[in-house]
Every structure is written in C-alpha cells, then in structure tokens.
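Some structures to go through are shown next.
Here come two complexes built around chain A, the first alongside chain B, the second alongside chain C.
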Partner chain A sequence: MANAPEDVKLKRQAEEDAGALADSRTGTTKFLTGLGAAAHALKMADIDVASSYPIRPYTGLMMMLSMMAARGELDLEFVHGEGEHAQLGIAHGASSAGARALTGSSGVGVMYAMEVYSPISGGRCPLQMVIADRTLDPPGDFGSEHTDALSTRDQGWLLGWAHTPQEVFDNTLMFYRIGEDPRVYLPQMNCQDGYFLSHIPMKVVVPTQEEVDAFLPPLQFPDALDPENPLGHGPQLFPGQGHILEASRVNAMMGAFPVIDEVVNDFNSRFGTSYDPFVEQYKCADAEYVLFISGGHAYTAKFAVDHMREKGMKIGLVRTRWVRPWPTDYLADILTKFKAVGVVETNNSFGAARQCGILTLEVATTLYQAPKKPVLTAFMAGLGGEVIRLDEFYYMGDVLKDAAAKGSTERTAYWIGFHNV
Partner chain B sequence: MTTLLEEQVQAKVDLPLLQNIHKAVALDEYYVMGHRTCAGCGPALSYRLACKAAGKNSIFLGPTGCMYVANTSYLCVPWAVPWMHTQITDGGAVASGISAAYEARIRKGKYKGTFPNIYVFAGDGGSSDIGLQAASAMMYRDHDAIFVCYDNECYSNTGIQTSAQTPYGAWTTFTPPGPKIPEAKKLWPKDFARGMIALHPGMQYTAAASISYPVDYMNKIRKAANVHGAALVHVHAICPKGWGLRANQVLLCGKLAVECGTFHLFEYENGEYTYQYQPKAFKPVTEYLKIQDRFAHLKPEHHQKIQEFINQGLKRCGIKIPVEAV
Partner chain C sequence: MKERYKKYTIEIPEEMSIPFAGIVESPKPNGEQPLMLTGGWRIYRPVVDSEKCVMCKSCVLACPDATVLLVDGGNKIGFNLDYCKGCGLCTWACPVNAIDRVPELDFEDGVPFQDALFLLPHVEALYADD
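Our next item is the complex of A and B:
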C-alpha cells in the first residue's frame, strides 16, 4: 500500500475503520478446513504430480487429493513418497520435467527434506509445498508453531502464511501464478497453522473453473528435461563461478515483488477480493501501537483488537502475508508510524538476539535505518500449539500501551504463560 | 507399470539388441567431450557405453559422485542428451518424479512427444548406501525408469572412502590397514542387485554387467530400457585410482573379477536367473587380488577368508561351477 494513490489509501482507511474487508466475491459457498480449501484449489489448478507421505496434521490434504484422483475428479499422478526427503525429490523431478508439481508436510517432516530445498529453488522449479505447521520434536507435539517452515527461510523459496481457510484457497492459486511467472520461476511454501487452520472449517467462497483457468494458465517451463531439447540441469561449478549463480537467485527473489503486486491486484479485480499484496493493516489508521503477526492467530487477534478498541485503546494489527521475500520497504513505511510494535512469535530461535523469535529479528532489521523507530518487543505466544487467548492479547495490548507512553519496555521478549501470570 | 494409452506405449520403440562389437561401435555417441575423469576411469567408460546403448530418446540423472563432480567440474556437461544433477540421496526419487511427470503430461495431452527412457546413473554409495531408500522406492512403485548402479566399490569422488559395496580386506581412506586391523576392512559387502530382486518381487528385469564385457552390458541397458516399468542394471566399473591399478589394467581387472567368480554376470527375469559367464572352473581369487594395491597388505589367511566368501556366494546363488585350486 506504500505506493498506492491517495484516494485508494483513504478508501482503505474507511474500510478498515468499518472493520470489514470490502469483499464482494461471488461463487459457491463451501464450509472447508484449510486443508480442504487447499485441496479444492489444487484440483482447480489441475496439478499433474503430487508426492505424498503421511505426517500429522497435513496428511488430510494428500488423502483428499488421492480421493479426487481415484474418483476421476482430478487427473493426477499420485506418487507415494517413501519419506519427506523423497517427496521433495519426486516433486523436484516432476517440476524439472515440466509438470505442475505439489507436495506438502508438517513439523519434522519439513526438516527431513531440508537438503533438497536449495537445489529446487536454485533449479528454479516452480513447484508448491503446502505446509500445515507443527511444533518440532522433541518430543512429538501435534500443535502448531511456525518454526518448521521458518527454518527453511534461507533456502530461496517464496514463503507466506494464510490466516483463514479462504486465504489458503486464494494463496494456493496466487502462489502458483506468482512462482510460475517467467520473471520469477521459484518454488512456493503455502503455509497454514496446523489444527487451527488445517482442521477447523470456515466459510470459503469457491469461484468457477472458468474463472480459475482465466487467472491461472497452464505452466510454461521452456527448459524442462526433454529429449527434443537436450540440456543439462545443475552441473558442478568452480567456486569462482558461484557468485554469478547466487546473484541470479537473489534477482529472482527480488524480482518477485512487482509480480506479487501485479498478481494479487489481478486476483482482487477478478474475484472481488481486497487483499493487500504484502501486508494487511487492521484498524491501523489512527493506531498508536500495533501487534505484528503472521498466520492463523491473527484471526483471534482481530477480535481482541476490536475489544480493546471498544475500551478506547488505540491499537491496531499488522499482518504480513509474506516472510520471503520479506516486504522490507512496505513494513518500514507502515511500522514507523507507530509508537510501539509487539511481534507475536509462534516460533523459536533458541539463543537469538534479543531472546525473541525469528520475525522480530526481521522487523528489527527492517527498522534499523529508520530515523524514528517505534519501541520494539516480542510476545512468545501460542508455543507448543496452544491457543492464544483473548486475555493474553489484552495483556500484550497493555504492554504496548505502556510502551507507547513510556518509550520503552522492561523486556525485549515477553513469554505468554509466564510473564503475564 | 504404466497407465499410458496403448498407442503411446507402442510409440516407445524397443531398442534392438546388439549382435557384436562392430554394431556397438557404430552407434552414435551421447557421452562426449567435457568430462575430466581419470585416465582409465571405469565408470566413465560405463557411462559412454550406456549412452551409446540408450540413444537419443533418453534422460540421464546424475546423483552426486564421480559421474557428477568429475564430469561437470566447470559448469560443463559431456551429455548430448538431457541430464540433471540429483542429490546423492535421491536419484531414485527424482527419476520417479520425471517418470510421473511424463505419465501425467502425455495422458493429459500436455506433452505430444514419446515417453523417454529415464536412467539414474548412481555410484554404489548412491545406490546401496545413502541412496538405497530412494532406489528401493522407485523399484517398489515400478516407475518406468532404469536404475543403473556403476559400482566402483567405494566413495570415489570424495577421495576413496568405504561404502557398503567395498570388499572385505580393501584399503580405503576410512579403512586403512594397521596392527589393530590387519585386514583393513572387516565388513563384508552388500549383495545389492540380489537384495533388490528379493525386496521387489514385481520388478521385471535386473541385470549384473561389467565394463569388461561391453556388448553384454550394452544389451542389458537396452533390455532394461525396453521394460515398461522399473529395471535395475548393476555394472562393475573398475576404479584404477581407488583400487591401485594402472589405467591400462582396468579392463583386465574387470575380466578377472568375473573369471574368479567374485562378480557374477547375470539377468533375472520371469523369476529366473541366467548367467552369461559359465567357465569350466573359476580362477582362484588370488589372481584378482594380486594386481590391486588396495589388497596388497593382505596375508594368506585373509585370502582364504575371501575365497571362502566367494565359494559360499556361488553356493548361495546355486552356481554349480568349481573353483580351481591355488
């Protein structure tokens, strides 16, 4: 929104004040979980190859895809991978051969495939991975934390979170269109909180197949492995040749910015939605302090913001849809308007600077050069996959209200469940 | 197995078998200049022969190993057919994905050409060790692809370390001989090809071949390609650097391995083994061991153990051919 014209900004402010997204979408209303929403979108995207392996809580996605294939609703090569590392290898091969490929996982499964992420993104294979977040071992814990997907953030994939099943459906289509754009050709991680999004159904408006086809054309991958056009993917290189390859990968990632803008605006105009391409601002127009968040807990946070607003607190919510590429300029523009920012962290990076989570590190770097910086703190919340309760968001609001008044906080990171008791 | 429509299956024309070396030599080359393999490199020869046999309608996959690093060192490739690097762990997985992609795209009308022959060219590490899981899964799922294990009995690319195919008694940089371990390597190698046969009873074709028997090897590559489903070719590919041989002894060494009964040439199809080398008697293994520096530290007691292992192997495999006395 940073570069949007004035009248658009005013319209958005009015809409935010009304507390409603100006959605005017048409289609079939379904009641779908996040996994169901992804499955529907993938069917409509006519994916060619999916590689499966079971792990809670994302497994249902693959169950649904296999049923669609068995019933003839989707013409899909459904490959039973022997593990998550293999899933990514299978998808890598399929994408390299020009197929629209899909895989997915959760938690430690995302970790097991770690080796293959860089080969895939550096190989510019535009496949999609649906991740239903799960806390990492030890021990087994089926609840949602974002550390699984966030741990891959250095591997060169597009990486973003939905906060409702509707957004999962929409992101599934948008991410393929963005990743398959010839200016980009990058793989995408399409993330949703395990259980909270993956397993709780909500209203999802599904467009027609014709509308989807018009938005998302078939994949064009000119350098696919094909005996008609022999070429080599991925020869060894001498260290002196490495920087050129790295630079081209950075260019691909940064080149995604205008494509994301273009694609999301196109999506909005076709489907009557009002997504900001990068960052959602909720009740921020006259906010003095904001919660910064990514993912499903934003849905609860919005209710908490409403309640705090009723009590006269000038609080807002800033939700980033993307972690890679990190929308630095947009966030620098937005966050410097406020006196205090509290980053809700449902992830961990043990021993990180400021003893906070991963997103705070990105926000701190975003703000580093700003002449006037807000007070910055972190709220470690929802860890282990626990619900973040309304009263916990109220506590965060109180801390931020205090911080805005005082110009500082006692801590760089507050642990919900410990410091608020 | 394949779900392709009949006419698309028929469109994949069988590669005819070669009668003799002249027919083999006459084939076009698809493994050309651009690699920097060692003089006498057995795996490089196995690649050249496989590419000649495979022909134009091929896609080759190179898990990390000598046939990746020593072949593409400076952002170059010696393959005149499509080729892709895979991780050492996942040659079988990537082949599966490519095979599935062609199945889907042909069936859905998104690709108009012929189904290609897809070959994984993995070293013994990328086949029976770190790559075992992906190799097995490709065969279990019966993707239409060929898994070729070029076996130089070590992790060569990284400077000669032991793998699960390294023979008992062999020196490697992870199994040096010394007073504590006079035999250097104490562990007996896996029987990779027969292990895969046992593990995947549905697999239609498995073959063991050697670069020292090139026409036999090239025909096995072609038979594997002609199968509509997964197939495995295990080729003995001698490494002069790793085994301590001169470049001009490589083919002799391969012959001796077969003549001593330590490497069997066979095909397994329709539930039966056929053996392509059936002498009146096998030579004693010392003939094979004595030309390789990697066995130079062994004593007669170790030679006897190796001979015993070979004899047991012949018995286990039902090969009723005696071994000459020393």
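Our next item is the complex of A and C:
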C-alpha cells in the first residue's frame, strides 16, 4: 500500500477504524451487504420464527432467510403476513410463546405497523425488527431517510443504527442479547440505512458458530404462552394501573444502560472488536467542533473529516449507536468539550422547535442543563434519501468552524442544497 | 454506569407492584381470576324475569364472555357479574324479551364505572379517611 494514492490510504484507514478490517478479528471474511450481514447473523443466532411482508429495500433479508430455510440450513418457521400490521402481530405472538422472533420492514411499511409497536414492548417481548430505512412517501425514494424508524421512538423499543455491514452483523447479535436480558426484556429495532448499507457490500468478518453460541444463549422468556398453563398476555390491567406499567417500562429502558455496557464490552472481549457501548468518537481528541450523526452517512463523513483535517481544520465526528435509550449523561460529557456541534439530520420533523430534525431536539435537551454549552445547529441533509456528498460535509465543516470562532450561527438549521450552492 | 442512570428509574412501592408485563392467569370457566375483573365496565346490568323465561338458553350461547350461568340446579338463568361487561347481547338474543337492561347505579351495590372492583391499596387508603 506504500505507493497507493493518499485518498486510497485514507479509505483503508477509515475502514480499519470502522472495524471492517481490524486485525484482531478472527473468522471468515465475506463480502456482504447490510442485509446479507443481518441474514448471516440471524442464521447464527438460530432464530425460530421470521414473519415477513415485502417492501424494498429490507425485503432482501427475507429472501435470504427463506432461502436458508428452504435449503434446510436454518430450522425456521417462516410466516408471511398479509400486511405489516399482521406481520408484527405474528412476531408478537411468536415472541409471547418464547420463540426468538424476527421481523423487519422499511419506510411506509414501518408506519403501517404503527399500532403494534407499543403492545409488543408493553408485553416485554424481546423480538428483533431489522429496518432498512426508506424515505417516506412522497417521494418514497429507495434511499434512506431515518424518519420511518425514528417515528417509532416513543413506542418503547430499543432503537439503534449501524454504519457498516460489519456493524449490522455485530449489532444483530448484540441487540438480541441486550433485549433478551432478564433485566431488560424489550424488543429491538436494528436499523441500517436503506441502499447505502442494505445493498452495498463490504467486507464482514464472520465468527464461528461456537463463538456465537457462547455469546448468545437461547432465549428464556418468563411466562411464555403454553396450552398446558393458560395465561392472559397483552397487559391484562386496569387503566388505574397504567402508570405503574409505564413506570416499569421506563425502568426496563433505563435498566438497559448497564446491560448495554456489559454486553458490548463482552462482545469486544470475545470477538476482538473495539465498539464503544453508546457513542463512537472519531478524531475527537483535539477537535474544537464536531459533526453529530447516526447511521450510514457516518461512513462518508469520516472521509470528509479526514480531508478537512488535512487542511488543518480541528473537526471530529461523534456517532451515537443508540437513539433509544438515549445516552443523555454520556453524550453531555462528550459534547460539552467542543465549541460547536452540528447535528447531521437524515430525517425531518415538520414544524419542530427551530425547524430542526428529531436528533437535534434530543441533543438540545441533553445539553440544556450543562453549565458550558457548545453552539448547536442542525444540518438537514440526505433528505429524499439522497447521498450526502463530500463537498456538502465540507460546507458543514466551514459552518461549524465559523460557529466555533463566532460563538453563534446564522441559522438554527441549514438546509443542505439551498445555502451551500 | 449503573449508579449514573439510577436517577432516571422510578421506584415502584411494593404494594403497587404488578405482575411482569401485566401477565395474569387465564380466567377459568365460571372461575375466578382476581387480577382482571371486567364487571366494572358495565353501565347496564342484565336482569332476567324468571316468569317470562322459557329456558331456551339462547343467552348462554350469545354471551361472549361465558357469564350467563345455569343456577338453581340448572332450572334458572343467572349472571356472573364479576365478568359481565353489560354488552346486552343476551337481551338481544332472548326470544321472549325476558332479559332487561337496568342502569347499574339503580342497584344498591351498583358499580360506578371502573371504580369499586379494583382499588389499589394506596388508593384505598385515600378513601379510608372519608
């Protein structure tokens, strides 16, 4: 690689930082898309039931799983719903019966199942839903906006984003173990950007089945449905007990923090990875201003940060791996170290405070009580499921550099494609 | 880590505790299951006129919750009022109009909507002073 052009070397560096080629990982290296990585991980997790309904781009996952089941590689009950609402209901029932259940969707499909999310998390069913984000209609682009999965953020599910196929593979295993922990018992949304992750293959190191089995023991769900011992599932309570049930659901969500910490560190020690349980910091050690991001565009953003650093800009990148539970204190510690924070939103919340996206609302709340606050602004980018180009990240970098120097920004939210032309 | 996020958890007093995920035992036929009584949903109570009743048992089949019982050695119709939600399907099914719907609060033991059937201990304590 000595004679390779500088940007090729940088690319390699970014891939190593992303854990894709980390030397300490052992296993078979495969060339997988995000969906392929999820399918391989689900096969190794030995899921019992998968319920499907087709919608691009996530649907490739179900194609792969059904092929695995048809070839006899995976002992799987594969059920096809008549819509996403039924699809989630099937997964709910399977999980209530103690099966390791899997479902998934994209874009408008995620929305069609809206009613069923709260009953599943209220019933504490630890099933997993693989989401390949898709822009909502209109225009319903094949590409990725996070508004679909983020719209379910108040429904009591663990919600986290990967940024490489390798991370999708690892998250699939980690999410099941976190959600199935007796201190948590919550459903998990394992999100990846549609197309950018779901359909672009990258190198994924796949460990052995024995290693996965040791990391992820079979699910033990208490009071699983059983004809021999009939039970009333689906919170059989009175409205007068509603606040108690909701408090216990909050406690399960907040109780997930130490479990996430424990599980991710255990994963790191077993598989030689270096994931931070909650938040990845890229080149933040001496940074004065940072991009805050979630999901697959972080991959491009890392190259942009590298290029901007070459020009002497003190920029870094903070990537949250979780949206629910939101790592409040953890992020407050990190973000207050900088002079300016720019939240890269690949979602929209029409009429939100400061007309920013959903993540900025969370970041602003995180920082509100902090004694020393950075300047905060939002970058509305990747809307319509478009890519965020390097030059657009450079523009964000310039805005942040200016904000750090002045202590203020001109706008509360910069709409990429309007101000940067 | 654990201590740090402790401030966000809500302490639930033991007397207010509920079963995990609100999972309860299933009601058994004509049996009791004290955690999910549904009689408190009733606005109208079914009352059968034994003089008119011809014991065709259409109401037994019509009840979606199996709360119409055969009492008095199988010679009369009765109701399990712990679970009767007052839907009125028995009234509708009766061919001789022997079942009437009487406002719940006309009865001395009438149940105000979702109140008396389930009182949490701490709520009960609030009422005790009156």
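To be clear about the criterion, the second predicted complex is superposed on the first by the 392 of 421 C-alpha atoms of A that agree within 3 Å, B and C clash if a C-alpha of one lies under 4 Å from a C-alpha of the other, contacts with A are read in each partner's own complex, and residues count from 1 in each chain.
In this text, a contact is a pair of C-beta atoms (placed from the backbone, for glycine too) under 8 Å apart; a residue touches a chain by one contact, two chains touch by 3 or more.
Remember, it's a predicted structure, so these values are computed and weren't measured experimentally.
Quick check on the superposition: with chain A as the shared anchor, is it clash or fit for chain B versus chain C?
Pair status: clash.
Check the residue A:P222 against both partner chains and state whether it touches chain B (first), chain C (second), both, or neither.
second
Between chain B (first) and chain C (second), which, if any, makes contact with A:Y185: first, second, both or neither?
A:Y185 contacts chain C only, not chain B.
Quick one: is A:R124 in contact with chain B, with chain C, with both, or with neither? Answer first, second, both or neither.
The answer is second: A:R124 touches chain C but not chain B.
Taking the superposition on A as described, I'd like to know which of chain B and chain C A:A86 touches: first, second, both or neither.
A:A86 sits against chain B, while chain C stays out of touch.
A:L231 contacts which: chain B (first), chain C (second), both, neither?
both
Quick one: classify A:Q241 as touching chain B (first), chain C (second), both or neither.
Both partners.
Now for A:Q209: first (chain B), second (chain C), both, or neither, which partner does it touch?
Neither partner.
Determine, under the contact definition given at the top, whether A:N251 touches first (chain B), second (chain C), both, or neither.
A:N251: touches chain C, not chain B.
Name the stretch of chain B, from among 3-11, 57-65, 147-155 or 237-245, that runs into chain C once the two structures are superposed.
Once both complexes are placed on chain A, chain B clashes with chain C in 237-245.
Jot down the residues of chain A that show up as touching in both complexes, chain B in one and chain C in the other.
In chain A, positions 230-238, 241 sit in both the chain B and chain C interfaces.
Going by the contact rule at the top, pick out the chain C residues touching chain A in the complex.
Residues 1-2, 4-5, 8-10, 12, 16-18, 20-27, 33, 35-36, 40, 114, 118, 120, 123 of chain C touch chain A in their complex.
What part of chain A is in contact with chain B in the complex they form?
Against chain B, chain A makes touches at 46, 48-49, 51, 75-77, 79-83, 85-99, 101, 115-116, 119, 218, 225-238, 241.
Quick check: in the complex, which residue numbers of chain B touch chain A?
Those in contact with chain A are residues 56-59, 61, 68-69, 71-77, 79-87, 89-90, 92-105, 107-108, 110-111, 113-114, 116, 133-134, 136-137, 140-141.
Name, in rising order, each residue of chain A that touches chain C in their complex.
Spelled out, the residues of chain A in touch with chain C are 122-124, 185, 222-223, 230-241, 244-245, 247-248, 250-251, 254-255, 257-258, 261, 328-329.
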